[in-house]
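Have a look at the structure below, then the notes.
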Amino acid sequence: MLRLVNVNSYYGLIHILKNVSMHVSEGEIVTMLGANGAGKTTTLKTISGLQPVKGGKIYYNDQEITGASPEKLVGLGIAHVPEGRQIFRPMSVYDNLELGGYLIYKHYGRKQLKTDIEQTFALFPILKERRNQFAGTLSGGEQQMLTIAMALMSRPKLLLLDEPSMGLAPLIIKNIFQLIAELQADRKLTVLLIEQNANAALKIADRGYVIETGKIVLEEDAEKLRTNQEVKRAYLGREQKEIWE
Amino acid sequence: MSNSILELEVLCKNFGGVVAVSNLSLRIEKGFITSLIGPNGAGKTTIFNLVTGFLEPTSGHIRFSGRIVKHMKPHTIASIGIGRTFQNVQIFPKMSVLENIMVGRHLRSRAGILSSSVLPPFLRKEEKLIRAEAEKQLHFLDLSEFARVPAGSLPLGNQRMLEIARALALEPKLLLLDEPASGLNARETIAMGELIEKIKQMNITVLLVEHDMELVMDISDYVAVINFGKLIAEGPPVEIQENKDVIAAYLGE
Amino acid sequence: MNYTDSTLIDVLQFLFMGIQRGSIYAMVAMGFNMIYNSTGIINFAQGEFVVLGGLMMVTLTMAFNLSIVFAFILTVLFVIITGILMERLTINPVKQPTVIRLIIITIAVSIIIKGAAMCFWGKGSHYMRHFSSTEPLDFYGATILPQTLWIFAILFFLVVAYVIFFNYTMTGKCMRACAINRDAARLAGINDRKMVMLSFALSAGIGAIAGIIITPIIQMDYARGAMLGLKGFGAAVLGGLGNSMGAVVAGVLLGVLEAFGAGYISSHYMDAIALVILLFVLFIRPSGIFGSSEAMRLKEF
Amino acid sequence: MKGKNSAGFLALIISIISIPFMVTNDYYLGVLIFTAFNCLACIGLCLLMGYAGQISIGHGAFIAIGAYTSGILTAKFAWSPWLAMLCGVLIVIVIAFCLGIPALRLKGHYLAMATLGFASIVHIVAVAAVDLTGGPSGIVNIPRLDLFGYVLSSDKQYFYFSWSVVALSIYIAFNLINSRVGRGLQAIHGSEDAASSLGINITSYKVQVFILSAVFASISGSLYAYYMNYIDPGPFDVMHSVLLVTMVAVGGLHNIWGALIGAIFLSLLPEFLSFLSDYLQVLGIEYQPDYDTLVYGGILLIIMLFLPEGIFNGLSSIIQFIRSSFRKFSGRAAGRVE
């Protein structure tokens, strides 16, 4: 469904992604593991069009989408939930959802948008309760729910999730991961997930990639990654000085 | 640990309602390399900013060489012997590499705005001294070939080196390095590790924030782990690697 | 008439005068805010939109003898097109903007508009007929021109339209969304470039309306833009840059202070009063009286 | 000064010496004297904007304060012009200090607007404080400057004098740029955080360079008053401050020579346009001085859109391009010969 071929990306002078190649098949949950600054977030941003690609190609359902604008990619069914709960804080929960469904409004009108919002409320009853509250006054977990709900409003086929558990309490993290697993099962959603909480991510994922200083160094089934000593190493380092190539 | 150069005493910092650092107490031993590690948003850079005067603590104290540091602007803190680098390299891109380091000699020279404008012949000696010291620093870091190049055109690895050279020109007692290896490749990271060890041999205490665990575990004498603004573990690298809390903070559950 | 009565009448008179001037400042400030919110740019050509609106209206009503309503619509459209052209030709092509460069670009546009206005309309000031009668109305001893009532009404109408547009229409919400968090808005499928263009169009439109309604009273000339812009900016800062309801309150407040200052201190220094207030606010509380310093820090540039 | 800069300086001195021999028309000599005043103010402004990175759209006000102090003290109180100029400098130092401390905490657009507001206030006071400034009709009977008892009565003498001051200011500016202080200022421009982490007191440095640039402007104003022998508020409006900023930006912010070229270019532009209008008339196009503003804004916009680093940098990159392509060409030619 999604294929990256030798993608490179720069942030100013910093070469962040170095020939990243990976793929996500329809209906899968794929996760990316790696230290901070390894290039996980940048990978998602190049896919969703927020970050320019320099060298390499990106395909979505066999159509080349390298360099397309985020506005266009949302229309194609790629929804990106950026890290750090990017909601419109001074606007109400309902307004946030409306904006999430901007393209539905544009193509099918206000009535359809309303129906879609009701459907989303069915999935997130807590948001219905808080529909008139300012989004900025929600708790961290509720804000994270809202960002996911906003992304779902555009009726995506592929969901890019960036650190949904950041700064949340363990119980809430559990809920969110349960939700992601449900979305995959019920809505046939394909998910590319970035997580620092490697265990939680690997529990629901089918496959995983390990990325280190902008290079993919390992691709493996999620089960195998969970027991992999090297994954642990990626986070805690090890004593022998051996550089992976 | 009586021989500490920097002590944080129940330090707290709130931003609006958000607690970035809470009741943090930590001693940094003189002459060693101490690393601060922890997940994103744990408060490491905030601690750097508190120590170097870019932020004021909400409560608690910072003690440097036994003296309480309070209400000091960053430039005063620099003058008492604390140097730092930044997470996103902050070099002066339009100035040459040599000039960048010459700025580092600011505190070791005197000339003011009036004397500089009208009396340059009298200042030649001082200017020469600044230049000589800066060139020495360049040589130490193997950057001599780039002396006249605008700093902005250097590759990132060299920019990070340059930033450290500039901070060393200050002749600090304590050097704070904020993710010096981020964005560097494997070879550059090893070079960075060697450089940091060299700095330690110059009898400069190093406080390091870094995400590259291999580098951290390799060169640190002491590691402090922070999560949600709190200290969750401290000790030598070997202990930290085995620590259950640390593994939980990094790997979850 | 005894002493207190005449004082009261003076106070009322100054108040009307102040609200009338302040309404214009408020509108200019609303224009500043729209562009600031969507781009982070302070448009130094904001005052020129007002001048352009006033002078165009003069020509359409006085020279071409069009009806007020028709001329009003044509003028606003004309200035909106100017605003869109400005964005497309001078703001949109700039790929690596620095603050100084953007400031000088908007200054250059203001000089061009000013120069063009001088060529077309000359250096003199232009009279325009009032919307309705010029017969002053009596209000507890103070007098008020019908045109002033028009100004109050149009400001009120604009504020209501503003609130409805930004809170209840999808396009308005999209503009707000872009201002709050541009990346998030793009990820929702909103075209941010289009929103920037729209903000220039709306801001030009508001400027034009301000120019049209004030011209019958002050007699517009080509050189008024800078002072109107400066005072409008004063109102925008006083109200907290980016906060449009704050700008309306601050604009009216500024106008009233100015009118009382002119009445009780010295009319020669009237223009300086608003500027001194602007400097004080900038120096003491740059986030404005209604703005939060927290938000200011986030928008620092 | 060294290398290219001293070569440029030498070229400047030679042009200063030779120009009065070529330009004998008093009108054009007068234009060049005005150009010198603009250059002086722009060099100061360039230190502030290009090197320290702080914008000011209020330097016209410092010119006005210098001019009015000189005018009032010499014409009304019969002070010596030199003493009056010094007094103007002192007043400007105090005002720039009081304005700079709060204003320079602001950044970007805010600083621009604050300084613009200050310039407007000074202009309003110049018009309204009739007792002090003579209001719109201004001050007359300002004496000419004397040099060791020798009055600079002819335009040629004044030309040499005012351009010598410009040369001196360039010398000072280059000394400053290549000093510890100059590096500190450029460091502030590059990154305030990094500069302060190296022990540079940002506030103090910004205020000091603000004062220095204001002093340049003040001297320029005094010289203007002594040359004109009368002053009124007309030339000191907000547009003049804007003009100074655009001169620096058009020439090239990051270089003293850029500021100089920008000041010369825009000061001579109206003359060039009127010169051009004669030819346009031949082509049947009626050009009027009224169009000046429009053309002026257009040139400014085009330069900012297409040469954002200014004329100076634009020119030097064009020269470099020609040089390198010439080298390529001659290299190829040489290759062919072999």
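Here the chain labels run A, B, C and D in written order, and each chain numbers its own residues starting at 1.
In the analysis below, a contact is a pair of C-beta atoms (placed from the backbone, for glycine too) under 8 Å apart; a residue touches a chain by one contact, two chains touch by 3 or more.
No experiment lies behind these values; they were computed from the predicted model shown.
Q: Which chains, if any, touch chain A and chain D both?
A: B, C
Q: Which chain's centre, taken as the mean of its Cα atoms, is farthest from the centre of chain A?
A: D
Q: So which has more C-beta pairs touching, B-D or A-C?
A: The comparison resolves to B-D.
Q: Measuring from the mean C-alpha position of chain A to the mean C-alpha position of chain C, what distance in angstrom results?
A: Here the centre of chain C sits 43 Å away from the centre of chain A.
Q: Quick one: chain B and chain D, Cα centre-to-centre, how many Å?
A: 41
Q: Report the inter-centroid distance (CA atoms only) between chain B and chain C in whole Å.
A: Spacing between the chain centres: roughly 48 Å.
Q: Give, as an integer number of Å, the spacing between the C-alpha centres of chain D and chain C.
A: 32
Q: Would you mind listing the residues of chain C that make contact with two or more other chains?
A: Chain C, residues with two or more chain partners: not present.
Q: Using the definition of touching given at the top, classify the network of chains in this structure as line, ring, star, complete or other.
A: Chain contacts: single closed ring, each chain with exactly two partners.
Q: So, with touch as defined above, which chain pairs make the list?
A: Pairwise, the chains that meet the contact rule are A-B, A-C, B-D, C-D.
Q: So in the complex, which bits of chain B are touching chain D?
A: Residues 52, 54, 73-75, 78-79, 83-84, 86, 90-95, 99, 102-107, 109-113, 116-118, 120, 123, 126-127, 130, 163, 166-167, 170 of chain B touch chain D in their complex.
Q: Show me the residue ranges of chain A that touch chain B in the complex, using the header's touch definition.
A: Residue positions touching the partner: 13-16, 35-37, 163, 165-167, 170, 173, 196-200, 213, 232, 234-239, 241, 243-244.
Q: Provide the residue numbers of chain C that touch chain A in the complex, in ascending order.
A: Interface residues on chain C, with respect to chain A: 170, 173-174, 176-177, 180-181, 183-191.
Q: Using the touch definition up top, name the residues of chain D that touch chain B in the complex.
A: 172-173, 175-176, 178-184, 186-187, 189-191, 193-202, 208-209, 212, 254
Q: Going by the contact rule at the top, pick out the chain C residues touching chain D in the complex.
A: 41-42, 90, 93-94, 96, 98-101, 103-105, 107-116, 118-119, 226-227, 230, 233-234, 237, 266, 268-269, 271-272, 275-276, 278-279, 282-284, 286, 300-301
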